[in-house]
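As written, the chains take the letters A, B, C and D, and residue 1 is the first residue of each chain.
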Amino acid sequence: MLCRSNDELELLISQARAFAGQGEVAQYIPALAVAHKHELSVALYYPDGKGFMAGDTEENFTLQSISKVLSLALALIDQGEECVFTRVGKEPTGDPFNSIAKLETNKPSKPLNPMINAGALAVTHMIKGNTAGERFERLLDFIRCLTGNETITYNKEIAKSEFETAHLNRALVYFMKEHGVIDEDVEELMDLYTKQCAIEMNCIDLARVGCVLAMDGCDPDTGKQLLPIDVARICKTFMVTCGMYNASGEFAINVGIPAKSGVSGGIMGAVPKKCGIGICGPSLDEKGNSIAGIKLLEMMAKRYSLSMF
Amino acid sequence: MLCRSNDELELLISQARAFAGQGEVAQYIPALAVAHKHELSVALYYPDGKGFMAGDTEENFTLQSISKVLSLALALIDQGEECVFTRVGKEPTGDPFNSIAKLETNKPSKPLNPMINAGALAVTHMIKGNTAGERFERLLDFIRCLTGNETITYNKEIAKSEFETAHLNRALVYFMKEHGVIDEDVEELMDLYTKQCAIEMNCIDLARVGCVLAMDGCDPDTGKQLLPIDVARICKTFMVTCGMYNASGEFAINVGIPAKSGVSGGIMGAVPKKCGIGICGPSLDEKGNSIAGIKLLEMMAKRYSLSMF
Amino acid sequence: MLCRSNDELELLISQARAFAGQGEVAQYIPALAVAHKHELSVALYYPDGKGFMAGDTEENFTLQSISKVLSLALALIDQGEECVFTRVGKEPTGDPFNSIAKLETNKPSKPLNPMINAGALAVTHMIKGNTAGERFERLLDFIRCLTGNETITYNKEIAKSEFETAHLNRALVYFMKEHGVIDEDVEELMDLYTKQCAIEMNCIDLARVGCVLAMDGCDPDTGKQLLPIDVARICKTFMVTCGMYNASGEFAINVGIPAKSGVSGGIMGAVPKKCGIGICGPSLDEKGNSIAGIKLLEMMAKRYSLSMF
Amino acid sequence: MLCRSNDELELLISQARAFAGQGEVAQYIPALAVAHKHELSVALYYPDGKGFMAGDTEENFTLQSISKVLSLALALIDQGEECVFTRVGKEPTGDPFNSIAKLETNKPSKPLNPMINAGALAVTHMIKGNTAGERFERLLDFIRCLTGNETITYNKEIAKSEFETAHLNRALVYFMKEHGVIDEDVEELMDLYTKQCAIEMNCIDLARVGCVLAMDGCDPDTGKQLLPIDVARICKTFMVTCGMYNASGEFAINVGIPAKSGVSGGIMGAVPKKCGIGICGPSLDEKGNSIAGIKLLEMMAKRYSLSMF
């Protein structure tokens, strides 16, 4: 069953919003802490170009961990599948997204997958370009292309805050540098990575990117192949096995669609052959996922039969 | 694209069999160690009742870890989803299937998912019945019903061997008993669990069970609902996120279908809405999956477009 | 400076007893849970046969983990140093005494030292005898000899309770059986080990054993060599590096004498060349050591200059 | 028994040197890799000022991890015992010296002891001074005072090499910065720490420092109290429980004296009330200790009855 009106989504949002009170807005940098806990917005993007939305869908938010899917796509295009997976693994992990312990206990040292921070840093390391600046521009261009929105850019204040406080990510990068997973200047990589995480868009843009992935890399408006089928497939697979931090298994059971969340409260969904979804709800559960956003996706998955399983 | 003849599968088998030499037959009990390394057989079961096969598909093999999916289905029917997941989690893990460390480091102590040994033991613990004997009979009846084969039974010699050597599983059970996850007599549970693992069938039976799961619990021949839709969905989800031990992530990328493997070399596939697959190839890779079986599934997934992603 | 009267010890006890309220009596079996939280008794045994005491020093208590030192001594006598340390390591660990994780992460699997439960079980496994009964009798005889008290025996009720609830120790034993560290019947070893832990004595007996160790294995009354110097030396070394669970490092700094504690609240001290100490105070801190007992040892170490460092 | 001539030590050295071939010189920076594998030298410093020596005792080597004891002593003097142990623990660990996993699994995050790298970095962080330069000068002055050698300085080439390659230590520092254990500029701390590790002396200097610790902080020549008794005691205790990396337990059994090793092949011994020992033998065993140096200490401990146990 397809969604047929914004009103349907409005109704679902009003029900899901009730759960926002049980979570907390991310506090680790001031620019995120000011988000409104009870905000919730959603956009649904069908491959025929139709779209529906509810909530304040014009509001921009930073991608944060959602960007890990897009940097992975670009790294796969740049380096090829074989090369990328020499530096990062393919396996989900029961550990938190920022854990360092497995890097030490696994031999050889290699991040388990591209969705945990260590893996995402190794992936960003593989984006091609002569300078960190050029690499970031290439990523930005790629994302502008996927959204069809040339105005996409990053939030300088948030990037700066995160750059200054990213001690744990620096620990991960230095650990990987010791083990040869990463071999560039740490501060340059940190600069690139924190800008990547601070790229901003709204729910409609995000739903469109989800739709491109859902349609095997095909632009829903022009029909143009924006990224190879295999790259889109790999991205969706990681979104299922490790897209929702260490709640991915539960999400796969309760919702059953490829999705990736970020600490700003965003979630991108890519339902194979069906549609793209963009959500933003800044109140997070203890695993770091939008608490109302997950509830909303559960409701949408039931109502529109979105589960893959 | 659908398979149209046994010859197609024969051809794929002959190509996949070439990889068997790179693996090893399981050696931990004599009854498994005698398996022929280069054996490979496959059956494909379509929901319209059509089937195709290649290799020695009449040969019985023990389910081993494949049985974890079926005991989970029965426990979910017996106890309900909410109850089952108080004792076992839903998250994939990067650890090996027999690992005990996470039981200690995670608080409260609870196996991460039903596909690792600890989780499967906790699940079998939840199968209803007045005695261990009655519980096993109920499981056996359930499996006979899923296969439509009343002659299904278990291999006494293998059950006995495994019962005698299952030190590691006893360690897991005692650890969980300490933490209140399990509260029955350990030897009774071990007897039940080793019999469960020693249940035998052939590739055709296994493909039929896969087809039931693929068709949301519906019997492909009679149309009867053999298990609730939600139970079938949960089973398939775990097969994707943790069905192939700690190679599940890689398998999801390379093949992309719900599948569960066992140390006897069996693999059951359940392609949503499409078909069931039963494979047996006793030569295992280092993670414990049939090495030629995985190659065969890769080829089938490409040729017949089976990937969900 | 030497202690010269019971009154000195009475005074120290009355000060140390004030800390008992901050701890808790062990609750895991009823027979231990009935202990009086504010009890505290101490005996000091000098090599010239002189002794001082304070508190209810006639009261028996079970050795629990203190017995690990004595079973280690006997195993060393029975099997020799080289053989014993093929099955158990020599290194302290920052993990709790009942942890299983390191058994899995360390390759080859081998308990880190004889003072954690896994190591102590491996040590008891090495005590010689034709039957478990005979092995226990040999251990009991050895302890009677060290105490010079022929009436020493074990508490049947406590042994039985512990045997019935020792799920975690069974987990450790089965894990080690899987890895070839232990190769006897698990229930026999558990029977032997729980009896060993339930051996009872009073503070004076315990102080005398401490004195034997302090005097390099020499009986303080008869001058007879009760155990080889090297065995006494190894025991004292482990008491320093891992005798007080994962508070051993702190205890070494604050007190600085070889000591071993048990969950019944007992502590045995063996100050090289100086004296033996026996303490019982059932109120435990969170690491499982007698909270008032440790305070008392701190005071004694200062007053009588007992620190080795 | 006391040593009475250089010839005694010469004889022991010639026997211990035979084991050097079984180890390897540290390879991680060029300046250490050029050391001669079969070098072995020793100095023995008695509190009456008498000294004996053998081998090339005029040859300077860098302190590396031996410096951890001296920075700890200075931090204890600067901040007091209570303050120091809010940032670093007192417990030995079975993990390698450069491990990061326990920092993550232990809550709150705090290095287990001052002898592993993480703990030593937290200790150096606590040395007082207005600038990193001033803090280093204070440490250097302190060490000049302990050795009685005003010419002691650091090896600029080695400090520079280590500064450039210390990725793992930077990972540890950033991890601790995230958790509030360290709150200074990372590169300043790294500069200070790598200079500290590169402080050079010869065996005689080192033996003299050992003697100061052995004599409770008292200068063996002038009788002056160079550091408080309690600080000397704490240093010696850590040398016993964790001075020889994760071979400390074995060393305590086989040798039984407070000792600290470094990756340059140096070992400082401090036998309470008896003597100080300085050794250099660059061939290392797999745990990172001088292989011939440990053998030499075993021989010396037996011959001169140095074991504390």
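Note that in this section contacts are C-beta pairs under 8 Å (C-beta built on N, C-alpha and C of every residue); 3 or more make two chains touch, one makes a residue touch a chain.
Please read all numbers here as calculations on a predicted model, not as lab measurements.
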(Q) Considering only chains that satisfy the touch condition with subunit A, which of them also satisfy it with subunit D? (A) none
Q. Measuring centre to centre, with centres taken as mean CA positions, what chain is farthest from subunit D?
A. B
Q: Averaged over CA atoms, how far is the centre of subunit B from the centre of subunit D? Could you give it in whole Å?
A: 55
Q | Length of the line joining the C-alpha centres of subunit B and subunit C, rounded to whole Å | A | 47
Q: Can you check how far apart subunit C and subunit D are, centre to centre, with Cα atoms defining each centre and the answer in Å?
A: 32
Q. Which subunit C residues sit where two or more other chains touch them?
A. 105
Q) Which of the chains touch, listed as pairs? A) A-B, A-D, B-C, C-D
Q | Residues of subunit D defined as touching subunit A within the complex | A | 99-101, 104-105, 167-168, 170-175, 177-178, 186
Q | Of subunit B, residues touching subunit A in the complex | A | 89-95, 102, 106, 112-113, 233-234, 236-238, 240-242, 246-250, 252-253, 256, 258, 272, 307-309
